[in-house]
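Notes follow once the structure below has been shown.
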Amino acid sequence: MSKVVSMRQAIAEHVHDGDVVVVEGFTHLICFAAAHEIIRQKRRDLTLCRLTPDVIYDQMIAAGCASKLVFSWAGNPGAGSLHAFRRAVESRPPALEIEEYSHFGMVARFSAGAAGLPFWPLRDYQGTDLPTANPRIRSVTCPYTGDTLATVPALYPDVTIVHAQRADADGNTQVWGLLGVQKEAAFAARRVIVVVEELVDAAVIRADPNRTIIPGMIVQAVVVEPFGAHPSYAQGYYDRDNDFYVAWEATSRSAARLQAYLDEWVHGVADRAEYLRRQPDLRGRLAVKPAWSGEVSYG
Amino acid sequence: MDRGREDGGGEDEKTRGREDEGYSAGEMMAVAASRELRDGEVVFVGIGLPNLACNLALATHAPGLVLIYESGAVGAQPKRLPVSIGDPALVTGSLMVCGMADVFQFFLQNGRIEVGFLGGAQVDRLGNINTTVIGDYAAPAIRLPGSGGAAEIAIHARRTMIVARLSPRAFPERVDFITSPGHRARGGTRRELGIPGAGPTRVITDMGILEANGESGELELAALYPGATADGVRAAVGWDLRVRESWDTVLPPTAAELQLLRHQLDPDHRYL
Amino acid sequence: MSKVVSMRQAIAEHVHDGDVVVVEGFTHLICFAAAHEIIRQKRRDLTLCRLTPDVIYDQMIAAGCASKLVFSWAGNPGAGSLHAFRRAVESRPPALEIEEYSHFGMVARFSAGAAGLPFWPLRDYQGTDLPTANPRIRSVTCPYTGDTLATVPALYPDVTIVHAQRADADGNTQVWGLLGVQKEAAFAARRVIVVVEELVDAAVIRADPNRTIIPGMIVQAVVVEPFGAHPSYAQGYYDRDNDFYVAWEATSRSAARLQAYLDEWVHGVADRAEYLRRQPDLRGRLAVKPAWSGEVSYG
Amino acid sequence: MDRGREDGGGEDEKTRGREDEGYSAGEMMAVAASRELRDGEVVFVGIGLPNLACNLALATHAPGLVLIYESGAVGAQPKRLPVSIGDPALVTGSLMVCGMADVFQFFLQNGRIEVGFLGGAQVDRLGNINTTVIGDYAAPAIRLPGSGGAAEIAIHARRTMIVARLSPRAFPERVDFITSPGHRARGGTRRELGIPGAGPTRVITDMGILEANGESGELELAALYPGATADGVRAAVGWDLRVRESWDTVLPPTAAELQLLRHQLDPDHRYL
């Protein structure tokens, strides 16, 4: 049966106060539509995990959803700082608990969770202050060479939200372009919400099974939300809104302006459809020229 | 990501370089960095000046350079200047796109990356880099973005190049926090720590090039840009910088290099 | 510059006596053309590694190329036994050294090699006799949970040979259909030979970069060998020759018949082109109907 | 792979079953196995009888069954009977194809597989399976194929079903080599060994169904096929088989089940 529900319903059913929440996507396919609905539904005490908190978690932190952040790079790509994050961490005492890794460490945590292993080994952190800052970075000895290797613990999100180009009604999900850790974050999670630009017939998925990164069997809900990743992007559908990211530097620098933004663009709209209606220029401004992949045969 | 932008702190790149000669410090830095790259090398690229340097090398002396971005794009041919390391322009027309588990395990940890670019708010005497905090970690005066991929790039790239603008604050005797290990880091030398890569062999600044001493690993003045002086560089570094008996003078940007930077690679002067 | 060479040249340059050799492909894309050339060039003392030795290694064992076999399932899929393998292992003393894992164990060994890690942890082998039979299966203790996990050592082939549907002249290689451990086996290897059904322009690769599983930067040689996987198959190009696999049961049961097969079809032909000329019916018998993937946009 | 074929040794399936009633032992086994599957379950499929059983269940009472082959094909809809677990027919029109590292780590080790099928040359009193060697490992009388994915399937699938034909040789008191752990294996019980899955709860034979005792884990006669007797089963097992006070009688194949098996799923009688 179909797993297609509204964003409101998906968040209400699958995201709870106190959850460990992952809305992944490395620059590409970051599901702002889900974050805004989580803010509207006033979720609290969340542990937010991402390699790059990005503007999406800066907004959730400013909205008061988060009590803890697990991350590896907290900047605004190409534009500056995440000021809500900085205000929280630079205040006395800090208003946000943090648990910090490097990108490889976060990737390894998701890999361990997806593989059902309690830890993941990696050659990393020698000579750095990161293991001192984060005692969850530990080590094992190789039973063959005697080498000491760093370890990170598995990350098991209560819920992972993945934005994708397309899926069928059962949640079989296809992504192209940058893959980030979307697959690992989904397989590591107890519950998975897939948000797509397009709902397609299973026949479209079955025509190219190598493009499927998430099988329906691990998906609880499918939400159809075109432009749901804006100001992030969806390869082949719309471009990244770099102007928005650049403007965020000024917006987030002032707590008041940031709240005004949330009031107008998150609390002030019912859903993503209204968010888009209020920005009629968006589709035109971020339109992309098609660049076709060509076809292969599975005969 | 985006280490290229996280370097200069409050520095204004227009304050150095040779406006009189018709090029900026940023342009000189991009050119100097591009000349460090050899044809056929596999480079882990950052955004900003490193990206400009790599694409300049591709367009001039190193057409066989292989660019890898930590976002998973391999062999990118960006049709526009990428604003972020995950820019869609890095994907369209690239040779391969893979997940980040493959990037860090199969490419980086497996020793397939020859050159990595790093930047940072602080670079110290031994090439250690801080992109994490100014002040105490638990109660930071300034919270910086953190490692991103910098820690593992500093450890696994066969060699790294640091791109950073000089100032006593940016080049202290010791960094407040070691995000990326230099030649002698927390607990010993790279060899003692079992770190595979050679570390930051060259530091491309806005006045000249620093190079690590073969024995001590200490950064020394190895080359000056036209118009820069050793005393000027020493005054802009937070420790008693050792100056080599003889140093190179870096040739200024050629007309062709400037032409490519200004009209093809960064026409909107986003980074220059 | 182009890395395209003949199979004869690729094997002569990159496969040496005593090498650890991997010709991978899980049922799909098994490069028999490379194995036959290795037999013709009389390589000796090879350590052959594959999950499933399959008919390809049964032939190499019968031809005297192998001194050791590393594997996880030594049967003839759907048809019976690998009799050259059985004769070698059941003789007194055994004529072939073996090192045995399960499929997961072999996959983990390739994953460790590809990741540049000395070992890989997995939850496996509890209660089995495999660790007794193979002391290289060891264990580590999780630094977080205290759990004991099995480990296998990294596998670093001297040379890995991968068959694929297509690649460009630099070795950027694309595969669809079953992927097996082709990517891991290639990244784990010191040298990589890619054998393809079709050599394509780089523009074809760049049109669909998510299909690339092996980048040219790790490839030493590209060989263009249509039907080079027969009696295995290439999805979208030709079907698996199940009749050949079934017939192998009787062929390999008799050492004499097996040698006669090698004399006629391996030593008796100069190359794969002649092997195909002598079987004019093959293309017709194994032809597949196209089943197109559809296109996506990377714009 | 192909565990479905590696079961009966020299057994001839035509020697059992009810030719008089118009169906073979193989057909009864496929039908009995298919009836064990519940709609919506995720099944790790082998070739041969298990594959027939799964596709029969798909076509009858379990349209929501998800079939996963260790070759990486998920949600396959084979248009012909797959001869090997890597058959191209399992790929064309499937829902997902992934690498084997994902199959074993993300699906199996992560506990996503509910039912696994196993077979073997030897199955013992405690459900341990041998697919490795008859005789001594170092100098085997008969070298069998080995584990393939059987060891990890036996460990991680939430429950497993063994499909094997009865004979004293195939069902010894103790297997010569434990390839796949049963209810009490080398070193203790599944719980003591920290094995997540429940193990071989049901054994589908050519005369009836054996089931593991809840406490001891010992296989007991739980159900008989039409025409089979408890004494007949006991005579075909190499240990003193415990027979439950009351056992079920399995209903014979329905006309619809036989129709599907013979004319749709295995028209060439490759496995039946």
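The chains carry the letters A, B, C and D, assigned in the order they are written, with residues numbered from 1 in each.
The rule we apply is simple: contacts are C-beta pairs under 8 Å (C-beta built on N, C-alpha and C of every residue); 3 or more make two chains touch, one makes a residue touch a chain.
Every value quoted in this text rests on a predicted model; they were computed, and no experiment measured them.
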item	value
Any chain in contact with chain C as well as chain D	A
Chain centre separation (chain B, chain C; CA means) in Å	41
Chain A and chain B: spacing of chain centres that average the CA atoms, whole Å	28
Cα-centroid distance, chain B relative to chain D, in whole angstrom	59
Residues of chain C touching at least two other chains	116-117, 122-123, 147, 176-177, 179, 183, 207, 210, 235, 288, 291, 298-299
Residues of chain D engaged with two or more neighbouring chains	73, 91-93, 97-98, 105, 109
Touching chain combinations (by label order)	A-B, A-C, A-D, B-C, C-D
Of chain C, residues touching chain D in the complex	26-28, 51-52, 71-75, 77-78, 81, 85-86, 89-90, 92-94, 100-104, 107-108, 110-111, 122-130, 132-133, 147-148, 176-184, 233, 235, 239-240, 242, 245, 288, 291
Contact set on chain D toward chain A in their complex	42, 66, 73-75, 77, 91-98, 102, 105-106, 109-112
Sites on chain C touched by chain A in the complex	116-119, 121-123, 136, 138-145, 147, 149, 151, 153, 165, 176-177, 179, 204, 207-208, 210-211, 235-236, 288-299
Complex contacts: residues of chain B adjacent to chain A	1-2, 5-6, 47-48, 70-73, 83-88, 91-93, 97-101, 104-105, 108-109, 128, 132, 137-143, 145-152, 155-156, 177-181, 185-188, 190, 193-196
Chain C - residues contacting chain B, complex	114-117, 172, 183, 187, 202, 205-207, 209-210, 212, 215-218, 298-299
